[in-house]
Amino acid sequence: MAIRILVTGGTFDKEYDELAGVLFFKDTHVPEMLRLGRCLVPVEVSTVTMVDSLQMTDADRERILARCREAPEDRVVVTHGTDTMVETARVLAAARTGKTIVLTGAMVPYAFGSSDGLFNLGSALSFAQVLPAGVYVAMNGRCLPAERARKNRERGVFEEAD
Amino acid sequence: MAIRILVTGGTFDKEYDELAGVLFFKDTHVPEMLRLGRCLVPVEVSTVTMVDSLQMTDADRERILARCREAPEDRVVVTHGTDTMVETARVLAAARTGKTIVLTGAMVPYAFGSSDGLFNLGSALSFAQVLPAGVYVAMNGRCLPAERARKNRERGVFEEAD
Amino acid sequence: MAIRILVTGGTFDKEYDELAGVLFFKDTHVPEMLRLGRCLVPVEVSTVTMVDSLQMTDADRERILARCREAPEDRVVVTHGTDTMVETARVLAAARTGKTIVLTGAMVPYAFGSSDGLFNLGSALSFAQVLPAGVYVAMNGRCLPAERARKNRERGVFEEAD
Amino acid sequence: MAIRILVTGGTFDKEYDELAGVLFFKDTHVPEMLRLGRCLVPVEVSTVTMVDSLQMTDADRERILARCREAPEDRVVVTHGTDTMVETARVLAAARTGKTIVLTGAMVPYAFGSSDGLFNLGSALSFAQVLPAGVYVAMNGRCLPAERARKNRERGVFEEAD
């Protein structure tokens, strides 16, 4: 069972720019993370965009949706910034693609020693293999259906909406 | 949905002894890994034993089985050395506990920078939440039922038996 | 021979704020780095300030100078942002304290896996033990007297002024 | 001022063998460590041997000495296992090469997250640039002349002989 990974940027892939002293996007770390996890599940990685999710536009979301639909795989993992992960999840859910789509990301950039990225990627790839068609947000070991996911901005965690 | 994590040692938890220059077992890294993964799923961690799985005895396996049965949780993750993970999985499967039990481990100790441990732990905790009752081996993104799992010692990977 | 370490912030000590998604200063990593380096040289660590060196004022520099003078030790390492490290070095050099003062920092925050911080700290503590009284900038294995150090902003490295 | 780095193995360069579950030697990590330290000092790295220093023979020591003499550089850093670092240092010291030779190593393999290797390499390269001709052991921030260095095996640290 093959999985498509669509990369869109987010905290996950933020890098440190040595000259300017700021965080920025270069290449995705997903292939390196799959190597580290010695991933044995067949995956195809494509980069849709590389943005902070606060900058993500409706057009970006339409492109992610189109790429989910076009992918030959029925199971898709989308790496995404956490700030608007729920908004994108809802756009994908409303489109009823008939696929299993799992959005994931990280609270801390993978390039930081203290990142939750590798844990989340292992988790998202696992949920993507066994959950029925639908759109989910998988962060920090928990998986919520798009309709019921909410980011608690004060605590910085995802939780189930009432 | 709470998960019990039973720690039994294995590559996962090998440490470097600075004085003797060899690998050994001290405390488990599982709590630190859960913190790094910012795990939001309620888990209880108990150490059953701390051994290289080549040293694991039938008595050890009976103890692991007893702890799976006694645990108030219906979903259990067992961290285990890879060499005899399949043997332990078969003992647990034969006992038909009615619980979802997922064994996981690492090809490289967590204390090494290049470990697959965090990826595998995120993966195992995810499979444990959604798979039906049964015993599984979850390594490197893949999850195999105990009956069909086999370690390929030349390649160092788990694969499905014919 | 004891060494005083004066912490002033800089890239060295930048942390990632999980909630805001930006870099900020919390506590210094210097004690943790000394533990990692298993440092056997007696050192005393004091924090003077925690700022990006672009924000460093003349008053801050006077405070660093005062702390160099007041320290009971004759050998001092100052951790500092790289952008204005040379300016601070010149203020300290002009004051002719009669002490050996070595400024160091990092191109990438210590909290990033790819930081040069630990290498630079080991280097600065070594130069501080053997160089005669004077003020030096020690970065990436090289040590330059304050008067001849210059930051090449395009290449992001310190080099000797002509 | 160029520095020759002679690699001889030791804890520094121990790797984890995923298939056998033991520590072994593959390639040296020194070039990767120099990249991480963004080292600006011109260095040439040559591998003399890759052994645990308990296995080091008199013939190995003669080869290291020959390579120190042949090197066009006057300043040499030797990476070495800690168990017999002092013995090798004494052989090099007795030969009176007229060069500055600094031996260094690590208490924990570089491939482990918790290694002191990068700190020690930054330190050794710094001492090598400024100390007069002679043979030294540089570990954990401290530098001792070959004649007065001793490894305290209980505590795992280098100290000055009485």
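Think of it as A, B, C and D in the order they're written, each chain with its own count starting at 1.
Methods note: a contact is a pair of C-beta atoms (placed from the backbone, for glycine too) under 8 Å apart; a residue touches a chain by one contact, two chains touch by 3 or more.
No experiment lies behind these values; they were computed from the predicted model shown.
Would you mind naming the chains that touch subunit B and likewise touch subunit D?
Per touch definition, common to subunit B and subunit D: zero chains.
What is the shortest path, in steps, from subunit B to subunit C when you may only step between chains that touch?
2
Taking each chain's centre as the mean of its CA atoms, which one is farthest from the centre of subunit C?
B
Can you work out the whole-Å distance between the CA centroids of subunit C and subunit D?
26
Using the average of all C-alpha atoms in each chain as its centre, how far is it in Å between subunit A and subunit D?
Centre separation, subunit A to subunit D: 44 Å.
Subunit A to subunit C: how many Å between their CA centres?
Taking the mean C-alpha position of each chain, the two centres sit 38 Å apart.
Give me the residue numbers in subunit B that touch at least two other chains, ranges are fine.
Answer for subunit B, listing residues that touch two or more other chains: 107, 113-114.
Can you check the complex and tell me which residues of subunit A touch subunit C?
Those in contact with subunit C are residues 11, 16, 18-19, 21-23, 52, 83, 107-109, 111-114, 153-154, 156.
For subunit B, which residues are in contact with subunit A within the complex?
33, 36-41, 107, 114-116, 118-127, 129-131, 138-143, 157-158
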